[in-house]
Amino acid sequence: MAITLTHYLVLASVLFVIGLIGVMRRKNLLMLFFATEILLNATNIAFAAISHYIGDLSGQMFAFFIIAIAASEVAIGLGLLIVWYKRTGKIDLDQMNSMRG
Amino acid sequence: MIDHILTLLIFFPALAAMLGFVVTKDSIRAYGIAVAGIEFLLSLWLWYAYDPMVSGMQFMEAAPLIPAFGINYLLGVDGISLFIIILSTFFTLIGIASLTEKRRIKDLIITLLFLEMTMVGVFAALDAIVFYVFWEFSLVPMLYIIGAWGGPLRIYASVKFFLYTFTGSLVMLVGMLFMAYFYYQATGQWSFAILEWYRLILPENFQLWLFVAFFLGFAIKVPMFPFHTWLPYAHGQAPTIGSVILAAILLKMGTYAFVRFSLPLFPDASVFFMIPIAVIAIIMIIYTAMVAYAQEDIKQVVAYSSISHMGVIILGTFALNVEGVSGSVFLMLAHGVVSGALFLLVGVIYDRRHTKLMSEFGGLASVMPRYATIFGIMMMASVGLPLTINFVGEFLSLLGFYKQSHMLTLTAGTAIIVGAIYMLSAYKKAFFGNVTNEENKKLKDINKTELVGLIPLTIVAIWLGVYPKPILEPINNSVESVIQLMHDKAQSAEAKVRIPDLSGKNGTNTMQEAY
Amino acid sequence: MFEAIAFYLFAALTIVMFTITVMTSQALYALTAMAAGMIFISAFFFLLGADFLGVIQIIVYTGAVMALYAFGMMFFDTTRNVVEKGTNPQIVFVLGVLAAVMVVTIFVAPIVSNNIQALYPIQENIGNSQAVGMVLFTKYLVPFELAAVMLLVAMIGGIVLAGKKMDKSLTLMKEEEIGGLDEGFEPEAGGH
Amino acid sequence: MELYLYIALFAPLVGSLYSSLFARSPKSQQVGIIASGLLFTSFVSSTILLTYVMGGHTVHTEMMTWIATGDLYIPFGFVVDQVSVVMMMVVTIVSTVVHVYSIGYMDHDKGFNRFFAWLSAFVFSMMVLVMSDNFAGLFIGWEGVGLCSWGLIGFWYHKESATWAANEAFIMNRIADLGMLIGIFLVYWNVGSLQYDVVFSEIGNLQPVIITWIGIFLFIGAMGKSAQFPLHTWLADAMEGPTPVSALIHAATMVTAGVYLVVRANPIYDLIPNVGIFIASLGAFVALFAASMALVNRDMKRIIAYSTLSQLGYMFVAAGLGAYWVALFHLMAHAFFKALLFLGAGNVMHAMHDELDPFKMGGLRKVMKGTFVMMTLASVALAGIYPFAGFFSKDLILEVGFVEHHYVIYTVLLLTAGLTAFYSFRLVALIFHGEERYKLFGIHPHEAYKFMLVAMSPLLVLAIIAGSFKMTYFQLVMNLLPATQYHVHDHTTFWIMTIGTQLFVIAAILFAYKKYSNWSSVPDGSSAMEKSFFYKLLWNQYYIPKMYEEIFAKPYAELSRIAWKQIDLKIVDATVDAIANGIYKTGENTRDIQNGNLSTMLRWMVVGLVVLSILAVAFTVGYNVVGA
């Protein structure tokens, strides 16, 4: 019973769905960030798996860049989060409605 | 200088308009007349230098704009565009000379000069992108004229005018881009030059789609039924000068573009769509004539009559033979002169009474006889009486289309009946009968400023009706080459039959010579 | 066989960990579960022969990112249960599953039709790190540099944003004082 | 000779332009005199041309190109041949007389100068019509006379009825002109030219069905101008115009243009005898139809107008049966006596202060001797009594009908001849004989100016002697028209027919005199006759104008209103606005998405993701399916 690409992809999508559920469920901004990390990781698995099964390194390259982006995102996101928290004392999504159109 | 006369013609008014900002308010009128006069003389010079025996483009100018995509600044005139350019400069001159507007006259004249630039640009452009740019630019001054000097509903009218025509031309732009892409696929090079597009022979299904894309842009501009509703609003709200330019020149852009783009680029599609378009044209003719008959506002009568006449122009264009297309091009000029004059005339009475409702008038013939006379002449020209300018165009357009369809022409011919009905009844309501309204009893007859505009128009309307040859001949030569080009390019058997072959005729230039 | 066992094991673990991350109401649990999940993911990378990526995953994600989150959490009240307002979990679920199915199909479809060809084939005789390095510093040099710059910018940004008024201890200050820290902005709520 | 041609053609135009210069100025006698003088010049030139043409020559000249495009070439070409010269003579004679007469008739009118501008313009158009050497040129004149007719019917533009009648005439003519135009198109696309000589020499090569259509459409044009049924209503209404206009345009010249067209296009109609029969039948019908309406009418001018209509029917009978020269001859003779009749009626109107009801006149014989004599003689000529002009032309048409074995037509025409005599003399008797009923209305009639009577006298002379030109005329036109002599070969039959007709007509005259010469009261609609169905039917012109009003005019107006208010504003425009509003509303509604709540946004993001994924899958699968 060899593990095929499909296995990995299914896993990746399951993880992605978990991430999505998190994204939709969470109101706490910090927890939301966690969910996005899950999304990114799910994609990473998919990329690495495709890369492996096709025999092309490009997939891994993308995974690297995703990691880099995730790192940056965390840095900036947390920074903003802290500023927001300092201002309002809350990190609840529902109360961030200053962008109301 | 003659080599760059088209560039001069296009940008001289624009430059003059820029300078106009520093001219004082008192002298702006004289300045405007002078600029428009010089421009008009330049266009006459263009006519003088134009060789009527050559059917192809003349005074061609070229300068690269974006060479990578084959977008070039290409200009040129042939018999089809030459006279519309002259008509544009002529009407700008007349419009400024007979301007009675008092509000912010400086802005108005500058706007008009800008408008003149765009109009000349549209008719002189031989590159699709340049054409498109001028085409869209022309909306802006007109939007401003309607929006700033118009009647109470002016904002609605101007926005409607702008959005409507703009939407149509966006579809047209897509068509142009695709056309250039197709050219790229066929030749490996990008080109937006219309003359180079002429050489392409497109597959029939492409022709159909592209034709529709171009058609939408043009049809809204013309405006063809059922895209016409912006026009009555625009005319109803626009100041006199706006209506005059709109009816005389801007509408012609659509019909001109049909002749310039649709026919030579898509001969098979033109034949394919000939009957449906003719049906639309006939609906335009009869339906809008009926609507015109029901109007209470004399300006709306003229506005709807414009649409009705544009239907005849479309019909002539899609006759796809020399008689019909020459007739429709001539009718563009004729309708420009006549409808422009009629709008000027309506403006005269509006200036005096500040109403355009016919029920307010009646018996004007005895109070303002000179006015009534000129109005009568122009009305008869509009009705298409022989020896007036409109007749030549209408006669040829209908004659041309008769070759294609007997029944449709018979139906379209009712234009001469329904046209007479609404025009005569409007004239009767406004001018005949006794003067019933006290306010009308002391109206002053037409004054010198107004005559400055109307007399030349009257002369032109009759002169070209009696002796259309100086204009008809160059038009005929250029149209012949377009028709021959269409015949040569046509693929379907039906198109080969419908579009006559002129190559056997003496003195007709073949496709290669012409373009 | 080993591969299959490893895959299923780690797959199960990852899914459980991430589910905890998403579902728990304790921020600390979430953080911890996620860190564990990250490490389990690196196992897949090793399984797939992407050794370098696996190492990076552990170092960067688990080492750096999680540490950052941990620091970040110090600012917030983490002991309290995170209260989420009710959203309709069914819709959430259906949408999520749907999306996942789509994603799977998207990825699988081209492979079924064998449309993908390797641009940068993995060479068998050299190690993964070496291969990665060759590709990364040749074909992907510009994106790599850009990523580096991005990281730098993010770092500076993070410091500037979070580091403002570091000299003041927010935990020791009174609510009114916290509110007055940002000039020009009115604090909307009076703390917790 | 070309010089004379141009003089004959353009002298009226010069007169018109000259008069229009003064159109704004108060009345000045010289305008009328100069215009008349120029008309006379035109007449003299026409006479010179006539003598030239009688010498067996024709003049054909091309002034300049008018329209030339593609294969179409239309010049301003003019031809003076045997047919057109006859028309030119008729037009110039009658119009010169009418011009001079108008100087007196329009004496007190404010629009005196304007009147001459229009009138001369009309003559110019008419000359173009008859002299043109191609169909397009004919059409110029055709529309030109229509325009002038519009201007002259509506000359008193403050009168609602006049302007209405003017518009009616113009529009009705336009309907017919469309037929004419289609006929021209057919000619062009089948022959390739509009020049008469080319068309007539090549018309035989066409398919019969096309020739038939050409004939029909050209005749539709003729029907409008000559007011044939069903386009006849405008002619009676056109009597709103000044009387000289009625004399010139609506009796002598313009309305006969249709006949002229058929005569001119005789090579076409020769090939399509079926259409000819139709024309003749319609003509006979109109002759009777119009005469019947004239029987009861109480408007002097309308009676004469119906009489004109009836006579036009005669002409069409002749033309339709191929006796073109007879038609043209009757056209000429009719022009003289009908114009005379109208001008006489004008005198009466003047005398009666624009009263038109002959029942309110009576006994005018004593005050208006000259007019009385002229109108009586004109009526005699109209009735066709030997040796007046009408006898030679009208009886000839009867003979044509007989010889060509169209006995129904013959009978109808014979009956109509009786009716004609009756209503003509009913009019004469009512106006000039009997009691002086006008006194009840306090009118003091007076005879017209002397010079007006003098001006009318050439017409009188011609109305009397025109018949004697018959052979000269025949010699002249047989060069161009089929020279068929219409003689009843059997002498006995001939004499029975001639004398019988004469007796019948005279009996009708006597009956009219007997019934009306002692009329004493003004009918008020109470008599039994006036209540009878037939009287009402005739009085209301067979209810045709009313029917047109109900069937065409009102529905058209209503439909127009619907087209504007319901379709244009409520459907077409509303659709456009609805699209615009739809876009606007979408914007308004989707604004709520941007409520600033991040989790809502996130949810939308997921929705978008799902949609995009579905699309991607659909395309991929679709691509694979199609590609495989």
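Some observations on this one:
Going by the order they are written in, the chains are A, B, C and D; count residues from 1 in each one.
Simple rule for what comes next: contacts are C-beta pairs under 8 Å (C-beta built on N, C-alpha and C of every residue); 3 or more make two chains touch, one makes a residue touch a chain.
It should be emphasised that the depicted structure is a prediction, and the values quoted were computed from it without experimental measurement.
Listed here as common contacts of subunit A and subunit B: D.
When every chain is reduced to the mean of its CA atoms, the largest separation from subunit A belongs to D.
Compare each chain's C-alpha centroid with the centroid of every protein C-alpha atom shown, and the nearest one belongs to B.
Between the chain pairs A-C and A-D, more C-beta pairs are in contact across A-C.
Between subunit C and subunit D the centroid-to-centroid distance comes to 95 Å (mean Cα coordinates, whole Å). Computed from the mean C-alpha positions, the centre of subunit A lies at a distance of 5 Å from the centre of subunit C. Here the CA centre of subunit A is 91 Å from the CA centre of subunit D. Centre-to-centre separation of subunit B and subunit D, using mean CA positions: 36 Å. Shared contact sites, meaning residues of subunit A that touch two or more other chains, fall at 20, 24, 26-27, 94. Of all residues in subunit D, those that touch two or more other chains are 599, 606. Partner subunit C is touched in their complex by these residues of subunit A: 1-3, 5-22, 24-28, 30-31, 33-35, 37-38, 41, 44-46, 48-58, 60-61, 63-65, 67-76, 78-83, 85-91, 94-95. Subunit B contributes residues 160, 163-164, 225-230, 287, 290-291, 293-295, 321-323, 326-327, 363, 365-366, 369-370, 373, 380, 385-387, 391-392, 395-396, 398-400, 402-403, 406, 409-410, 413-414, 416-417, 420-421, 424-425, 428, 431-434, 466-469, 472-473, 475-476, 479-480 to its touches with subunit D in the complex.
Interface residues of subunit C facing subunit A in the complex, by the touch rule stated above, are 1, 3-4, 7, 11, 14-15, 18-19, 21-23, 27, 30-31, 34, 37-38, 41, 44-45, 47-50, 52-53, 56-57, 60-61, 64-65, 68-69, 71-73, 75-76, 82, 84-85, 87, 89, 92-93, 95-97, 99-101, 103-104, 107-108, 111, 116, 118-122, 131-132, 135-136, 139-140, 143, 147, 150-151, 153-155, 157-162, 164-165, 170, 175, 178, 181-182, 185, 187-192. Subunit D contributes residues 23-24, 64-72, 136, 139-140, 143-144, 147, 150, 154, 157-158, 160, 163-164, 166-167, 170-171, 174-175, 177-178, 181-182, 184-186, 188-189, 556-557, 559-561, 563-565, 567-568, 572-573, 575-576, 580 to its touches with subunit B in the complex.
Residues of subunit D that touch subunit A in their complex: 591, 593-599, 602-603, 606.
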